[in-house]
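Each chain carries a letter (A, B, C, D, E, F, G and H) given by its place in the written order, and its residues are counted from 1.
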Amino acid sequence: MDDIEISRAIIERYSKKLLDNLELDVAIIGAGPAGLTAAYYLARKGKKVSVFERKLSIGGGMWGGGMMFNEIVVQKDAKVLLDEFGVRTEKYKDDYYTADSVEAVVTLCSKALNAGAKVFNLISIEDVKFDGKRVNGLVINWSAVGMANLHVDPLTIGCKYAIDASGHALEVVKVLKKKGGVQLLTPTGDIMGEKPMWAEKGEKAVVENAKEVFPGLYVAGMAGNAAFGDYRMGPIFGGMLLSGKKAAEDILKKLK
Amino acid sequence: MDDIEISRAIIERYSKKLLDNLELDVAIIGAGPAGLTAAYYLARKGKKVSVFERKLSIGGGMWGGGMMFNEIVVQKDAKVLLDEFGVRTEKYKDDYYTADSVEAVVTLCSKALNAGAKVFNLISIEDVKFDGKRVNGLVINWSAVGMANLHVDPLTIGCKYAIDASGHALEVVKVLKKKGGVQLLTPTGDIMGEKPMWAEKGEKAVVENAKEVFPGLYVAGMAGNAAFGDYRMGPIFGGMLLSGKKAAEDILKKLK
Amino acid sequence: MDDIEISRAIIERYSKKLLDNLELDVAIIGAGPAGLTAAYYLARKGKKVSVFERKLSIGGGMWGGGMMFNEIVVQKDAKVLLDEFGVRTEKYKDDYYTADSVEAVVTLCSKALNAGAKVFNLISIEDVKFDGKRVNGLVINWSAVGMANLHVDPLTIGCKYAIDASGHALEVVKVLKKKGGVQLLTPTGDIMGEKPMWAEKGEKAVVENAKEVFPGLYVAGMAGNAAFGDYRMGPIFGGMLLSGKKAAEDILKKLK
Amino acid sequence: MDDIEISRAIIERYSKKLLDNLELDVAIIGAGPAGLTAAYYLARKGKKVSVFERKLSIGGGMWGGGMMFNEIVVQKDAKVLLDEFGVRTEKYKDDYYTADSVEAVVTLCSKALNAGAKVFNLISIEDVKFDGKRVNGLVINWSAVGMANLHVDPLTIGCKYAIDASGHALEVVKVLKKKGGVQLLTPTGDIMGEKPMWAEKGEKAVVENAKEVFPGLYVAGMAGNAAFGDYRMGPIFGGMLLSGKKAAEDILKKLK
Amino acid sequence: MDDIEISRAIIERYSKKLLDNLELDVAIIGAGPAGLTAAYYLARKGKKVSVFERKLSIGGGMWGGGMMFNEIVVQKDAKVLLDEFGVRTEKYKDDYYTADSVEAVVTLCSKALNAGAKVFNLISIEDVKFDGKRVNGLVINWSAVGMANLHVDPLTIGCKYAIDASGHALEVVKVLKKKGGVQLLTPTGDIMGEKPMWAEKGEKAVVENAKEVFPGLYVAGMAGNAAFGDYRMGPIFGGMLLSGKKAAEDILKKLK
Amino acid sequence: MDDIEISRAIIERYSKKLLDNLELDVAIIGAGPAGLTAAYYLARKGKKVSVFERKLSIGGGMWGGGMMFNEIVVQKDAKVLLDEFGVRTEKYKDDYYTADSVEAVVTLCSKALNAGAKVFNLISIEDVKFDGKRVNGLVINWSAVGMANLHVDPLTIGCKYAIDASGHALEVVKVLKKKGGVQLLTPTGDIMGEKPMWAEKGEKAVVENAKEVFPGLYVAGMAGNAAFGDYRMGPIFGGMLLSGKKAAEDILKKLK
Amino acid sequence: MDDIEISRAIIERYSKKLLDNLELDVAIIGAGPAGLTAAYYLARKGKKVSVFERKLSIGGGMWGGGMMFNEIVVQKDAKVLLDEFGVRTEKYKDDYYTADSVEAVVTLCSKALNAGAKVFNLISIEDVKFDGKRVNGLVINWSAVGMANLHVDPLTIGCKYAIDASGHALEVVKVLKKKGGVQLLTPTGDIMGEKPMWAEKGEKAVVENAKEVFPGLYVAGMAGNAAFGDYRMGPIFGGMLLSGKKAAEDILKKLK
Amino acid sequence: MDDIEISRAIIERYSKKLLDNLELDVAIIGAGPAGLTAAYYLARKGKKVSVFERKLSIGGGMWGGGMMFNEIVVQKDAKVLLDEFGVRTEKYKDDYYTADSVEAVVTLCSKALNAGAKVFNLISIEDVKFDGKRVNGLVINWSAVGMANLHVDPLTIGCKYAIDASGHALEVVKVLKKKGGVQLLTPTGDIMGEKPMWAEKGEKAVVENAKEVFPGLYVAGMAGNAAFGDYRMGPIFGGMLLSGKKAAEDILKKLK
């Protein structure tokens, strides 16, 4: 057992993994339910896909269920996805099923990684790479640099498509709008903002809004409703998963 | 789709889950690699086991690999555990294997839950339940209560055995020592403190130290080396997993 | 005496109380003097009413009197309400009476609860539930989630009417305006903002402004003056109490 | 309505109230359940008693029930006190009753004030007044002075007896021990520290420990168990109330 | 020597002082050089004048000289004021004199108090008292309330004139503009903002701008240049003193 | 008017003042009442004396009176000092007099400076200068360096005697004890710590304890009672002033 | 060895250095790569030039390379500057060279100082000195004053030209625009803001934008792209150096 | 110009540099004057030496001179080292010379790097690598991990000798003492602590104390005086440089 060899193994493997992923088919921002689902469906088709997660851990807002009661709800048409991932559900009544929120997070991520996606955690998006017409990459930095208030330059990665799955924060679309000064593909050309809670409307909209918001940049999950001005929903996660799946399927068509 | 039904489903399911787990065979503190491994081996044998995790997410110090380079190392004899959990490894050289640290965390947790363990995240341990001779429960509270500096009383759960798998923090042993004023089952009767880095020694010790530190209370993972005064190791996780397994096996014998 | 039974009793009773109050006649936001008075007059008539309070304790700005000198002033026409609640007053001169501010808070709350209202403390309002035309519920979360800066989803409750009695903060009206993008029932359609101190005007206005500010949503207490652009008053609480009473009476008429 | 008269009324009434309470029969520190109960039983017998509370609001740890589930438990022999105060209880099973924690706090305080006690909120205890042999007063300051980190001198009040009902914090006993360097009336002469959770033992001890800890200074509630080294209990409040009652009764005997 | 008598003396004297100053001829906000100079010239003529200072100590930005080098500069025409106050100056060259900044602050304040002005330190201005046409009072609170983030109501004082001498912060004018929504007596009707450094211009302007900015409300010192949009100057204090004197003289004419 | 000349005048005057005071007869730490009184009596006799004050403003704990009520009390035998400084007092009863606390601070400081003392504000004491046997200087730094958490070296000044008048903080004695490891001239050789409130004893002791605590180092004011283990007093300042006077007189004898 | 002489030497040398630099040919704000390069080329030609740096250390964003990997990249045409400074480079491929980022910072600064420039570290720019038409100086203060939140006035220095090389922060241009309300020499007259990452465009633009942005005020480095609305680049520093050189050369022509 | 190539170049070069320095002749902790001088003399002789610096920038406490006056003093016998490094000095009087502190820092570092040393900035030392008898490596982590309060494991490097040049903080010796529980090679076996200011003694001692403090671990600079209990000196840096040189020379003898 040699401490130095352990260091050597980790540095070599990580720098290789990072170098291998500097040019991606799809870069996903945010390892919450929508981002991980998108990653799963893209990786399963052999696309080179990495998920960049700001925090130490993946999962976004799914760990805590509703009000820290760690259970989630899915409706019937999304239950098939949980079945596919191997997450156990329990029927509540009518078309509502519940699942343990911790089980949902970890199992979904496990499947996405097994399908070939990579997760780079502790990485923040500072800016986009731009060619005047479309987004063609991301400007990344260690999240710890910002948390520690250090003045350190970022690095750049390239991608054919990026998916902003950062939830309410809408991190990539916001920085693009602010720094690029561009018109978005929303009805107003601007970020339209999430509306109040109305689960019925929100669940439908979140799937429809999983689409391109600017050439090269998709939104999925709550980021979609925040960009296109649709309703919010609570700890019901079916729409989130379907939204990630739809974004993946749309991009798969374009990448062919 | 009815927002109120979603609330109702979550509250009912969580309160039932919590009530069902107020009396446990084994309560594990800390959902890092040692705690989750112990949970897996205990749950697989039908024991009622819950893991209490202070943070929103499980995984402890494993997500970040070494220095945020998200890869980990395991030695050959621990690789079989990763194989059992379905975590992919890659040979580095000699007896060293590497694995993606995010994959290792989520897959391990997914297996433990699937085996029947429960995770209660966002829960801190404030104190132990004591009967004068042995630890027979834990005093729990929402972590958010402490983070928000609120003055709110805790609740109590009962258990036949508790495993302190809280790592360097050694949370349960410390509160027991401080408030109970007891002699521990360590050579000095006190918490002996983790020693400097020496991976070779540390890896062996962490398995040996997975044992009872006070009647009713086990330690596993780095908590073991911190309690019994042994060496530290870096981002090599074989010993951690084996340590969790050993604690589980010892307790299984006693629970028969 | 069994610690586990204590836990069981509290979890069962609270989850039942919460489930029983997921659909309300009236949801009141803010357990200050206006909110508690409204709760008292609504509950006394048999309406199902709950007060959601952000802090650990109820009472709002009333505990500290003026400048931490814990006495309050009421004018003659509001003294009858204090008499009804059983709060002792002492004549100062002319039409001014003083009362101990701590006695006023606790006695008023005690009466409201005795009349049948429920208080859910430590709960913040994150958003409203909306059906496109009117507010029909609230999106709630533990205040500790926000104070601890955790990323955890909220739950939803339903109500026929909500009363924003959150004082200067005007919490519900602000989130409705910001997220719903609606026109309010104020002269300008916007939040008009509290004006400077002018007790004479403010005391009258605060009663008049206790009315519907958007379909389904009332304001009471200082929230009324903040919404409709009226003057501020100091530690004189008569108008606050009368304002809560008026909102209650208006809603009672509609609920018939 | 004259803003200046409102100011004048409040300043006059408060300065009179403060001046009238500079010399007390009993000064109680902490307006939690034990302190308020003691205040009630002392004031009812015509003693001059004031409660000094560090926070803006009274109630201590009682508002939040257990883990923010705002219900409390009392055993049968303490239920009579809640009955006397007018707090509604509901039988859970055997000898356990539950009550709404908010109702318990406000109703208890309302009764204590009605019996003649005064509450000075927002006041911290900085030190004790000492005559070489016994505690004969308290050194008080605005809590805001400490919270704002200002350098402002305190004032002094006199009392025949003081009751430290500040809970785990044991504020007065700690400052006396640290600054006075005296031997306490505990078995060791020192603060012995609260022990782990054991509700059965803790509930009994908290009543027995409601006694004089140094000439002129009593402890009541959890402060008693913290001073005399006894077990902790959870959100069961019977012992707390009985403890406050016992301290009051002992002092009443001495004051005769 | 009796501790209680000391408390009694302080409480009685302060509450009398505060009650005596609830209705003022002139209320000055900010005990910096301009505010203290104005207080001196007003008090010397027998006007009832109080200075409200947010901080524990008076003096504003004068203590630290320039860049913490505790010396200040005055030009020849302001030296006569320092001579009148008894502050020693030393000729530097031409028309420039220097003085010790600490000596300047304390001596100026000592003279103002000796002339009959009162200083209420640790008091913040939360709002103005307004009668629809003019400012006729101030809404005051302990600064510690805001620093400690407490929710406590203010009190109100009345005055014939108020002088905002709060420097760059322009505290009273800002709150009047924001809450009252009025047109100021500046060329634009708005707060025009301080301009860059140009000592020559700034020193002249600061005297000219010591005038009424809204009926009942004057500005003096840097607050004048901030309100009327004039240049900034550095650690040269002649204009500040002359500005305070001019505001006092203008108000004295009106009060006759 | 030339901005650059203003800069030049301040830099030249301050650097000269600082250079002129690098070698002092007496260095006083803390510009509170005891330190300023000592400075006055030393400077009046022609000694070279500087006061080093950590904060921007002088005055210590005197500004806020008791509990922010800005009045102080002095007993009859100390009233003569206030008379000498020109601070107005008002008889309360028997031998108690009150004074405005702001007037007391600024007038006392004004007199000390006029007598020839210098105040260096914004300066912290990091360490003492030592020759193995006695304190012969102080190690000073800008307070802002510590407040901003910067890593910047200090400078050193020399003195024949130093007076620690830093109050409860006892800044210089503490650093001497901690870093020098010396025996103090107290009965125990250690810092004995301030005792509880007992104004009668404390007032006498604070004068007696104004003496040498280590060769070259005096204490005065509350620092004396903190060093020699005596009682505390409240906002009564006679002893503080007499204590500063006694320290000055003792040192004057030695300096002859 | 005499501690007092060490103090004396430092105070004398620094006050002389500061007085000697109160009137400059060129004042540079920000000691990053662009500012230091400009300082080098100006000082080499005998101009009186000082660099004002907000932090304790010079170097700006260059120390940390990209993502804390302390290497930088330069393209071929900028490599000649590193050669001139004596910074070692290593060819990566094509026209890319890498250098150690720490070596680049310290060697560049060492050369600039050797050429005659001065660095005043720990100094912030609070404002500009203005004569109505052009910037003719800077208003400076210790950075520690702001970091410690102290209220202390600044001092003023004069200069023929100032270069804002403060990077993205654009400190001087922002304060000029905000306080002076002037039209800048940019196409819009306003600060146009940095655009997203596009290294190719950004590298060219940063050299072109090193020009006068307002009479008397230049921009260099990233401040140029932030002022004139051009693209961002990552940890490639050739453009930065060339930009500093160009600003220096333009000013040299004007100063002749 | 290709953004991705820039990323690739930096990642490759840094990972190679880090891998090449996992096994060192000498690891130096702290890039202040002592550490950099030691690095210079070791690297010049062909030893493999890296300096690990906690902060973004090197230089330690040298940048700020004394009290932010950025000049330093050296005595005659250390001036030869500054001459060798190319740092310009100016004679003050007798044997004292002054230098610009910024020039001293950057030039010294530039020379050390040119001689072959590497600096790894932004790296903290968490622990030592130990073989039971001697220190044989360091446990390192990104400083940002600690600053951001993240839970991330460190990595390990190996070295023949380590030099703790971390100044007063004595980082490595402290962690060794605390975790290893070893006897140091100091007279007491413990860390003896820095004594008060006495430049004459301190300057001599700091050179003598540049020696082995535990097998494998040296101290240099102020760390030496802190370990061996010697006097402190102010902003005089001759001893620091000579101390670094002596540690280097001693280690060079052993490495032969």
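Definition applied: contacts are C-beta pairs under 8 Å (C-beta built on N, C-alpha and C of every residue); 3 or more make two chains touch, one makes a residue touch a chain.
Quick caveat: nothing in here was measured; it's all calculated off a predicted structure.
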{"item": "Graph distance between chain B and chain E, where chains that touch are linked", "value": "2"}
{"item": "Intersection of the contact lists for chain D and chain E", "value": "C, F"}
{"item": "Same or different residue numbers at the chain B/chain D copy interface, by half rule", "value": "different"}
{"item": "Averaged-CA centre spacing for the pair chain H and chain A, given as whole angstrom", "value": "44"}
{"item": "CA centroid of chain A to CA centroid of chain D, Å", "value": "52"}
{"item": "Distance between chain centroids, defined by C-alpha means - chain D, chain G (Å)", "value": "62"}
{"item": "In chain G, residues with contacts to at least two other chains", "value": "3, 6-7, 10-12, 15, 56, 63-69, 122, 129, 137, 142, 144-145, 150-152, 155-156, 197-199, 234-235"}
{"item": "Which chain pairs touch, all of them", "value": "A-B, A-C, A-G, A-H, B-C, B-D, B-H, C-D, C-E, D-E, D-F, E-F, E-G, F-G, F-H, G-H"}
{"item": "Contacting residues of chain B [partner chain H, same complex]", "value": "60-61, 63-69, 193-199, 231-232, 234-235"}
{"item": "Interfacial residue positions of chain D with respect to chain C in the complex", "value": "1-3, 5-7, 9-15, 17, 55-59, 63-73, 75, 86, 88, 90, 92-94, 96, 98, 100, 102-103, 105-107, 109-110, 113-114, 118-122, 142, 144, 197-200, 203, 233-236"}
{"item": "Chain D-facing residues of chain B, complex", "value": "127-132, 137, 139-142, 145, 150-156, 175-176, 179-181"}
{"item": "Chain H to chain A touching residues, read off their complex", "value": "3-4, 6-8, 10-12, 15, 18-19, 22-23, 56, 122, 129, 137, 142-145, 147-152, 155-158"}
